[in-house]
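Below, chain A partners chain B and then partners chain C, in two separate complexes.
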Partner chain A sequence: MKARAGEWIALYTISVLVALVLSGVLVEVSGGDWWPVLEALVDGSVRGPQRWGQTLGIAAPMLLVGLGTIVSSRAGLVNIGQEGQLLFGTAVAVYFGFRIGGPGPLNVLVLLAFGALGGAVWAGIAGVLRTHRGVPEVLTTLLMVTVAGQVVAYGLKKQSLLLAPAASRGNRNQVSEQLAADNRLPVLRVFGNEIPSATFLAVILAILVAFAMGRTVWGVRLHMLGRNPRIARRVGVSEQKYGLAALLVGGAFAGLAGAVMLTGGGFQFSNYRLVPGFSAGIGWTGLLVALVAREKVLAAVGAAFVFAALRNGSGFVNSTGVESRITEVVQGFLVLALLIPPAVMFLRDRRRSRAASAAGV
Partner chain B sequence: MGDFASVVWDIFTSEATYTIGALFAALLLFGAAGELVAERAGTINISVEGMLLAGAFGGAVGFDLTDSVAVGVLFGIGGGMAVASVQAEMSHRLAADQFVVGLTLNILVLGLVGFLDHELAPVAHKAAAWRVPLFADLPLVGEALFGQPWPFYLVYLCVPVTWWLLFRTRWGLEVRSSGEDPRSADLSGIDVNKRRRQSIYLTGLMSGLGGAFLLFAQVGVFDDGMVGGRGFIAIAAVIFGGWTLKGTIAGSVLFASALSFRLSLQAQGYEGINSELLQALPFLLTIAGMAIFAKRVRPPAALARPFIRGLK
Partner chain C sequence: MSSDSPGLVGADVVSVPAVELRGIAKRFGSVVACDRVDLSLHRGRIHGILGENGAGKSTLMNILIGLVLPDGGSVCIDGKPQLIHDPITAARLGIGMVHQHFSLVDALTVWENVALGESGRLDPSEVRNRIGEIGDHFGIVVEPDVRVGDLSAGLRQRVEIVKCLRHDPNIVIFDEPTSVLTPDESAQLFQSLREVVTAEGRAVVLISHKLDEVLAATDDITVMRQGRVVERLNTKLASAPALARAMVGREVSLRAERAALGVLSVGDTHDHVAHSTGELPALELRHVSASTGRSSVALDDVSLSVFPGEILGLAGVEGNGQRPLADLLSSLVPATSGEVVVAGEVVVAGRPGAMTRAGVAVIPEDRHDSGIVLDMTVAENLALVDLAQVSRNGIVDIRQLERRALDLIDEFGVQCEGPHAPMWSLSGGNQQRVVLARELSLDPAVLVAARPTRGLDVGAIDYLNDRLRAAAAGGVAVLLISSELEEILDLADRIAVIYRGHVVGDFPRSDVDVQQLGLLMGGATP
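Up next is the complex of A and B:
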């Protein structure tokens, strides 16, 4: 691995360059200029006033979703329903948060806890179906995304569930009540930027996950389960127990991400309310964060920042006369590009070891 | 409840219900027939959503350039195949994870057509209806099955062709063995990954066709939300159908009925059954079906497992 660091770097550089050049060509072909678009992206994500704080705020839920995904894929489970788990978790948080309504700062914790719980429940359905009925979790988690959307849409029509009383939603239908000012996550001011405390929460949890995966028995067992279920069974790592736990953790992180968007997201998300389409693709993007990071927490932190920067920067791109959705294209190209080097290296290793074993013994 | 019965009666006796239902079912079948082949070869091809959308956009571009629906349909196929090429080459030549590739493609295609739609703004409109004489005059279902714009009739071609390819040709046998037991298939000289790639290209072809059908036979104007998750419903139909063609058709028709029933209820102004439940129904039925029949209905044994020679 070390000896071929050069090959890795070369492959990654080439693929990322190809992705960026392709995006640039697309802009040029459709009549724009790539340089102003790039400048707008940098201005909109880090250079402009207040922008990097916002980018960090967007990165926080993406990273949280990504962390949960890393835990479940460690155990060899493919959870692709984070978007639904996030949405359902938020709905559970809203439902209980407004009913319990304890003193402000305490209620923030209640909201976060119920968010995580809701996400875990939604993922748990897929988990139980897997462990008890052998239904592949890939399919159930994916199918449950739409179901979550419909459940929340239904809840937002009923005042007994999520819908705000008529007085506090103006003419808008299908929105929940807005969180009171003392029910929101605090914001820290650093160098004229407002950094949501959710970002710190996400970083702390990232360290915890890295520790749990690399330095605890639990993490090693998950890894064993993911790499070789047969050996895991031999040494007594129960797939029922650990597989289900990994999926629950994955869902809990997604639900927590939703609660963080609700309590600390501000205007970047839906301004402290639950609305239809609240999840806004953060679940999908968080999944992509984990996928390009390939189970490495540090890489996930970097990926979350890049994707958040693209999302936040896209707001500035329209002013250059280029449609801002170019950032979605850049993100898609980047992800595909990042998938290529590991796949190429894997195949190359296989070929080499086969050639070596054929020639040697 | 008397009110509800009369509403249901109205729905079942109105031609519009069947027309909408047939259009929905056709879209699902275009996606699901190809998806069935891909899954029998061992790929859960979740980029079918992106393929449908790329097909619809390709159709709009083709029509905008030439004013011809036929060219539009060909461009639609091209769009679906383009998505398929990335999915196929990355997941079965490079052995990148098929879900990752599929998911990324769905997001990428959505962004890409959104971007290009804004920049190119292709204009399309619905194709004129072709009425099949005599058959189109059948009561209730005549219009629905025989009075549609011509791209609709391609579905009558796609489904039998899928059956023939998958169950009556050597190629189909090789595809199915690639999905059941890739190592034995490999030993007997079948290029497993090639068959898998080909089956994804077939999915791209049919889904591209489906996207173009959606544009020319149902909607008429391109919009990046026009597929709206129905690619996922097509996947659900394949699973619901237990990976058989009959089951897939049954699933598509059942899910299409639920969707059109919901629209008809809304058109009648009836609020008694909530539309969210009906929209979630295809997914709930599929999950329930998988849970109940998990022991009896078996997916292709190597479904979602990449094949690399010498590795289990």
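Up next is the complex of A and C:
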């Protein structure tokens, strides 16, 4: 086992290095210098004043989306519509949050709960189509992203739905009312950084998800369904129940991520308002987090932080004269770099186990 | 036992050997799979390689076809030294192999599978014609336009053989080709093999652990044990007991061993106690019809009963409805008509978990299909069916899980690195023990065993059969579904036959006439 750990570390080191070198080459080719760009990235993500607090704030919704994705894929379902579930969940939270309007801190909980509910409903549509009609969830979840965008954009045109009253929207259109100060998630101040409480929420939920997947009967049954649906059915794991539940949980996490962006994201995310394009790619990045984490919750925590750092750091990259969207390419390289070692190990293991089974041992 | 003598060369063979292996050695970790093995194959002759699972037969052949690289030794093809480092080289040298484990794509049709891996332009009608030709020539007929997923194991085996023969190889290796064929099909296969070998001068290797077929079908025999060649001789000079002794390394006495090796004639007397009538059947099917997408033959108006304490053997050629029957009793498909009654209670077939809850345990025909989860640990696999035993309030008690796994590993002699070893790291025989351990530990009312000994070695078969008998003696109603008559005759108290989805005949073991059984399996009316 020790030899294998060594192989893993070597493989990951090599492939991440290759990704970084390729990124450096790309920066050079596009007319910049790699060192200042790297410095800008580090400054913008963790080193600059207040930056690591912000990075943690961005990581929180990414991690939440990733956690939900892990639950869905544990059951063998491929949910790739988190971006839409996140947006729709936020819209539901805004709609009910402003109507119920309880006392401040309590209303934050209402907003979060309705966010999760909305995300679950949006994923649930795809889920029911899958479990009761056999429609592939890969397609439906993806297509529902576009639908969610249209539905929310429509809602933001109607004052009866999401649009803020004329008085509080100024000269903007298609914008919801801004959350009152006491309707926002609190912020912790540590060493001059503001750490959103959403980060703690995300980490606590990560621990819960890890526990649920690894230590509960429900988690084992989901795993069974994902890896061998026939034996799952034989021992009583109904795909209609467990598969749907897994998608609902996945959607709920995405919706919760949206509600967290709304109530605790601050100026990183539309400043406590719902606007068209509110989801800002967090759903997609959260999907990538789960992809590279490969169903491992701890790895998802790390991946969310790295991707959040890239996103936050990209703001500083512009000042070096290099297009800041270069970080998206770097992110792409990193995703590949993190996916290649498991694929290599899988192929090697398969070759070895074939050889071993050929030997009858 | 003269391992230093040169490979046997019959008087009628003077040519250069088609294949000459010298001093082949291969280790996997601490396991020596091949220990300085010499082997010569000649054109126009069928060479049997006998040995138990793990004797090194398959490794040796995998070296010959380039799947495994040897640690030492040399390979000569037609007198020329060759380095076979991959299967493509082997194919170029005219070496083809029919593998024991299927490498077919379920979603594709037969002809598509046969053409798979070819390069160049694809001509479907040419491939179809070729399949027809091979079918006529060798007597292994398959329908080219059927989806492979709809075929029974026996028919899939045929597709594998056709796939290999399409390349017209000079040297053909058959790795346990009859493990899924009926006696008739096997005889037919060997007869056509014989014709082809003598007429076309191919060199054929037949890997097997069944003595009777090796004795009947080969010209030369090499016996391997623990990676070494322990005997090589001309088939004419061989006798079954001597070969069995060489193979196992001791005198073979157990009935199950003899049946497994084929030394036992199926007409042997039997001493099972006839089952007492008058009590309630543990499992009863009343006019049940059911179908599964995986088999083209559906169950059609089947009625049968299995009583506590008896083994009912359901004989039949593969693909005659065994699959839907096993799926039905695994809650995987619903009954389209009729009812299934377990211990007096009607069970809704097809509702997830219904059969398991009613007390029906299943050893599936293909353990990878519905028997185990390869990506889970041994401990998890042992607990899959009844997680309540290792959990409290929905939370898995890891120590309880481990303790239960250790007990079962110990009791059923599962060889693994421990309870947390991944299931895929176990050999087939040990995976089967895990399935057996789990299903028997549930204390079931009914045990359905579908081809439970498929691919197991002699020791494991012996053990499994003992376990099935013990389960029956302990009051479990055992339904044994098998296409191997030896297995049925050796174990069953009562015997029924399944043909084209119907169950015909129901005889006490003592009344069975093998001839009659064979006819029923072939579709004669009783």
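The definition used in the following text is that the second predicted complex is superposed on the first by the 355 of 361 C-alpha atoms of A that agree within 3 Å, B and C clash if a C-alpha of one lies under 4 Å from a C-alpha of the other, contacts with A are read in each partner's own complex, and residues count from 1 in each chain.
Please note the rule applied: contacts are C-beta pairs under 8 Å (C-beta built on N, C-alpha and C of every residue); 3 or more make two chains touch, one makes a residue touch a chain.
Here the structure is a predicted model, which means the values were calculated and not measured.
With both complexes brought onto chain A, simultaneous placement of chain B and chain C is prevented by a clash.
Contacts of A:237 after superposition on the shared chain: chain C is touched, whereas chain B is not. Annotation for chain A, partner touching more residues between chain B and chain C: B. Among 20-28, 146-154, 182-190 or 200-208, the region of chain B with C-alpha atoms clashing against chain C is 182-190.
According to the touch criterion, the shared surface of chain A, contacted by chain B in one complex and chain C in the other, consists of residues 354.
Listing the residues of chain A that touch chain C in their complex gives 215-218, 220-221, 223-224, 227-228, 230-239, 353-361.
The residues of chain B lying in touch with chain A in their complex are 44, 46, 86, 90, 94-97, 99-101, 103-105, 107-112, 114-116, 118-120, 229, 232, 235-236, 239, 274, 276-277, 279-280, 283-284, 286-287, 290-291, 294-295, 299, 303-304, 308, 310-311.
Of all the residues in chain C, the ones that touch chain A in their complex are 26, 28-29, 31, 33, 53-56, 58-59, 62, 67-68, 330-332, 352-357, 362, 369-376, 380, 384-388, 391, 394-396, 398, 424-425, 427-428. Put simply, chain A touches chain B in their complex at residues 26, 30-31, 78, 80, 129, 133-136, 138-140, 142-144, 146-147, 150-151, 153-154, 157, 281, 284, 287-288, 291, 323, 325-329, 331-333, 335-336, 339-340, 342-344, 346-347, 350, 354.
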